[in-house]
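Structure incoming, see below.
In order of appearance the chains are A, B, C, D, E and F, and numbering begins at 1 in each one.
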């Protein structure tokens, strides 16, 4: 199956019409394709404003001029190896904060059930738990590779279920992720308690704060890929980079990576068996120059490239031993 | 009791230090004062972004240069007649959308129990129900005078309790407001169904869409005051004015009143027995010039003036007959 | 044919997924529908910046929360009477200024040929000529009703064909519009020459500067409708309103109508036989609060309502005499 | 002397090159011309931010597309009757708040001495006193016609000489303006003391708050012109209009006039003997859409038109009796 | 004395109510605490706009979500070792540029007299001289460690006392700082004269332009700490970082450090005996995403951590020899 | 000839009056000077909005506070060696996209004919071809050193002559540049086809994508200078840097150099025989903090410094052998 890709005749140089991600075809039932880009407009109003629920559309809009036929950093024609569509957004009404997680999970479960890898466009961090639940139900416990300025496991607001902040901890509790195979990278800034990092490490997670990651570089990621072993979920919160590179996001943490550093780290995930991924945290309303959405679109394109790399490698290696011929 | 007011020695011309509304004293337990300004940072992420939960602080900041000693429009020295403090914000954690309404109601109930009139600074429209519940518990069914571009009674999102949009309908269902004594003014724009206005009117509410209000003017408000009869709640959503005058709000409805028209209508509430009031809908993040917060601060000052007018009139009339001397 | 309209089950209250105007179905070949909304991303870089070619998408985005089932101002369920789709944008590559007019004309001609009324979303004023050429080729000379702060007939830049500014003059020269049936409304501000208004009037056009229109009101529009007689084109440049109401546009002319005044004038076009229409001049990049795009979306919805009113009136009047039964 | 005006060959439609007001010639020594536009970049950092000292350049930039050959509102070819140049800015170093007033006064005095009418572009309100000192030194006590949301006579900060706010009071004290011939229009909003208006009226000034002006209309201005009798100074603070129309200014006062109302009032000054004028209060940094600077440029053009009207009327009336022939 | 710190029960995750720095208690008379955060709203209008006098409040607002209990970069629970309050702003009226320095000096002197270390939030660079005067009066000549893109000693505007730019030179002249113990770091960009750096070095100051600092790294800071010897003042102008990381400041100098580089350099001050400090130059009005204020808040938190480190080290070392037991 | 430079008496610290680049004299006929800064307001509306045609004025405005007397990075008093003026903008009417290239070429040809080096301020990338045509006509085929995130040779829009994107390819076709002596640096992001880089290299051009350049550093530039051999043109598109450092530009490519890296690379061009240069791509309307224009101004100042370095070196070397004495 050759499948779906961006139109080549009039490439993304022409940002006209309703925006889909990379001008990919809008397909409501993407069964049979390799990857479906799906908007996850979760927004609990926790962030500094900017409208996380409008994030997905902003990322689509920003993707229109990316020229995604060939990715020179990975030397790959992405859509030679991958059929991708834009599946629209999960049916989440703004303000329906209680119903949202289940609605997102349902939409994602349908993709996993059809053998489609979802690439989620957030939305605030509350969408992560829905993603992991949908993925683990089909794939079993996942390796999580998270690029985020926050540990996301501390549950600062304990009275509220499914809240911003506690997604990783709850994913551990529910057995959605395998801590021994999971690596969280990039955390920095102050903490609500001295023991937050240790507590998370005690659960088995590998934590690499930005201070260390900046020194150790892509080797950290290579080891995270190795640790992951099997099916993995890649989550990229745009607050991973320094606020200068993503001003339109929530809890800004100064002193982080540049976009160039971040993209190099992400590209080092080559070889990972990605069964789900996302890019989160775009609050378009407070970034008048739209550089945050552009970065998110670039990250999503790099994730697509990573998946395509794996497909290309598998195809080159031939059918797995024992496959019927 | 002379009570609390803005510092006169160095009036609000000096916007320095932490902002309280009109530089009023920050008082955690305002028992015994006449009015407490209280932030109601409700935010379900429903709005177009901009951070409704940061609205109260933005209004405080914008209030600092208002010079509120004398209101020439009502010819009154407001704080000669009124003791007012800033009671801070209700304890609502951002993103805690489920716990928020009860937290706000609790804070407001304490004020009502202490005989203090709360003047709420929103926050998105989800705060209104908490306000009415707290007020009605002490005062009984209220007359509601609402300035809003939306009817707010239609409940477009039925699966979510306490949601944006359905506050007025639920207030009716719960007996918090008396429809015969209540007037909703300013609605305009498209509707989700042809019968929305009629349905609301059928419940007994008086509805005056902006088209009519524009023609009939302050007489409409005078009649609403008359209808109200007793204890009343005034709610002013900044989306009542045209988006040009309040760009930093949620569901913008073009073709509305100017600020001058809106303030004239509000001032016509003179004589109303206000036992609670609010100004809602400020999303500071999407209004770089801060004119929305400034309008909200002006509205809040006019509401204080209305309450002061009533006190001044009562004082002039002497103690009610039968009062102990 | 009942036809296409916005989804009623989950109304526009849910601004999720790729944006189409009013969440209307995206239909590439709209033959057989009544009206097709079509983006006309003309942009010659003449305007003050802000990206006119991104205007259509901004208007779609801003339309998502309009709740367009019922228009209370005209007391009409718009999509009971009208089948409407979003036909995407004309295939114009950004920067391809020379090829753009023909490309837009081709896309519009196909609509007219199929009996579909195009409702164009601009784009800068260079799109108007393409619209009139496409319309007149099928419909013959049109009555033009233009709401614009500029006369648009003066051709200040004479060396450049199809330029911003000279569209009306060229439309006259080419016989696309009938000056005796056409009315231009709203011009104000300085002129490049004393005789500009007189020159335009000499050609037969009716000109009503804003100063006069402000005094005479909707009666002017009623007379313009009467003058029009037959098939008419309605063009609404958002610079018609005062810059406060549409800051995201090109040549701002201070001292214009409020949005409320503008919408009242537009609604007075009821009865006009509209065969083509547009709303122009949205430069989203320089309006961080997006109130300009919201106004444009509202104007487009009101134009749809006008067309629906005519259909409803015709339907009520029964089939025209001589129609086969 | 025919004199200086905007280039006609390539009118302001071409906003290229360094900006001068209306693309007028930049002339360092304007002796012999009728009017010199001069930037007065006073900025004491009092305003809400936005950089008042950058105001003059922002107004020049915004003026470039005004097409100022013919003013249809007054039916006049302005530069047929008036020779006008752009004299640059008074030599004020940013932050040199103490030296600034004298520097501005010197630059203005040179213009008055040469028989040139200065049209000042502000700058915050601290420039007004320098303007009045320079003008009165040559012309004697002036009639002041001020359009401003604030009375400007209250001196809220008494320890600081030449401060924002106290200019009118000091001008009275120094005999620069004749209170009996002066009218202040447009004040609104709260006051620092109940008696502020009365105190100002007691000095002989005519005060017309916006509430009254809105009702009485241009007749008020006609009477102010009549009262003025002789040489007059027109000062227009952009905070006169509602914040929606001039968001980029200092102490925003909600509930003010629209731009249309403001321009109509200003045009009613026809007949006044203007010997100096200004437009003040533009803070470009906080108005990303630049509508405030555009309004200021329009106001300045209308003031030029008023001066040209007077010249045209004088020319039509012939030389004054007793003039040498 | 355990003292004051941020509320732990509801940590800074809840940005509600009036903002104090890190939600610290607002205490008017901070005698007896270790550090008092104090706003220094100096603003001479010299900067590019943006309202330096509103800088302190913007930094407070941006600090609310910093989670400051534990600083993982220095592995310290900051408020275990330090009692800190928010002392509000020095009483400076906006526009009162002449009175401001003395007012700020008075407020700061009271803190020094009470043994409290002031941590100033600026305000433009004019506040530095007041800070040094207040500190040196009690502590004697100080070592100054300055992170700034400008040398700040050149006095480009010589006629104006206490002006922006000349603070360091005047501090030398007045003997407030000891040049042999002081290091200025980060200067770059053009100069008004070839000899500016040499002139400053001739006075004994150590200058490390950014070009050198970028190459030599934290070793430079370690040497500056060594040079300092005794009581030191740390001044951090946000223009030290590249404009991408602090767009909301005055004289932007491109080509500077990233935030990550800047914070690493600042953290290298560990061991310094800080008796006063500030973070300056925040102009909130021109940074719609508020990343500048967030960086400033982070810098202030790192400075608090440095002071806490010193206290922790002293406590660990036991009472100094000769201390009474 | 000592020639023209910025005023020294009142250096750029005073940003008053109409803006010229670095406050240089505005000179219409710059014959005899060394370098003329010239605005090239090309704008085809292709970019994301922001008004490329207003770019030149924005760069001038941003240059006013650069203090350009001495450049410490190159240790040079620039205007000791160079006479420079601001020649205004080429006469390009906004929207006149067809006439613009010839108009710009004419203006530039006059400079080259007079022996003046033009330093162009863009404008979008469509101006490059006009620059190269004008330069090559006098100087013969040039070495091109381009800093740009895009290869600019791919002609994605083939139907439109002189379009954005195809300038380098057409310059090759027309023999304006010598590919063996030309180096393009900084490209990154996706491509429209896999072979774009190879195709360009096949023509003889040296291409150094950002990934390589980041690793190899200034040595690449040194080699490019060596390759250039003779007369060279330096073109710097602000999209060369990461969007964080230049948010106000067109096709943002994330993951690029910091400003510090970019300036270091540019300064490594020392020794190049520059006969023409530009800085392109400033879209001021979408960068409210103006950091993009500030970077462009800094780049232009560094280019002036490079030219001055060459003059200084030549002067030190004495007259070339064979020169008349």
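Worth a mention:
Simple rule for what comes next: a residue touches a chain if its C-beta (ideal position, glycine included) is under 8 Å from a C-beta of that chain, and two chains touch if they have at least 3 such contacts.
Keep in mind the model is a prediction, meaning the values are calculated, not measured.
Checking C-D, B-E or D-E against C-F, more than half of the residue-numbered contact pairs recur only at D-E. Taking D-E and B-D together, the chain pair joined by more C-beta contacts is D-E.
Using CA-based centroids throughout, the chain positioned farthest away from chain F is B. One simple way to say how far apart two chains are is to compare their mean CA positions; for chain A and chain F this gives 38 Å. Note on chain placement: the centre of chain A and the centre of chain D lie 56 Å apart, centres being C-alpha means.
Touching two or more other chains at once are residues 13, 48, 53-54, 93-94, 157, 165, 242, 244-245, 258, 286, 288 of chain F.
Under the stated contact rule, the graph of chain-to-chain touches falls outside the line, ring, star and complete shapes. Across the interface of their complex, chain C is touched by residues 48, 156-157, 165, 188-194, 196-197, 209-211, 214, 242-245, 247-248, 251-252, 254-258, 286-288 of chain B.
Residues of chain C touching chain F in their complex: 43-54, 93-99, 124, 126, 157, 159-161, 163-165, 283-286, 288. Residues 11, 13, 65-73, 77, 242, 244-245, 258-260, 262-264, 288-291, 294-295, 298, 301 of chain F are the ones that touch chain E when the two sit in their complex.
Against chain C, the residues of chain A that register as touching in their complex are 10, 13-20, 26, 39, 41, 53-54, 56-57, 60-61, 86, 88-94, 288.
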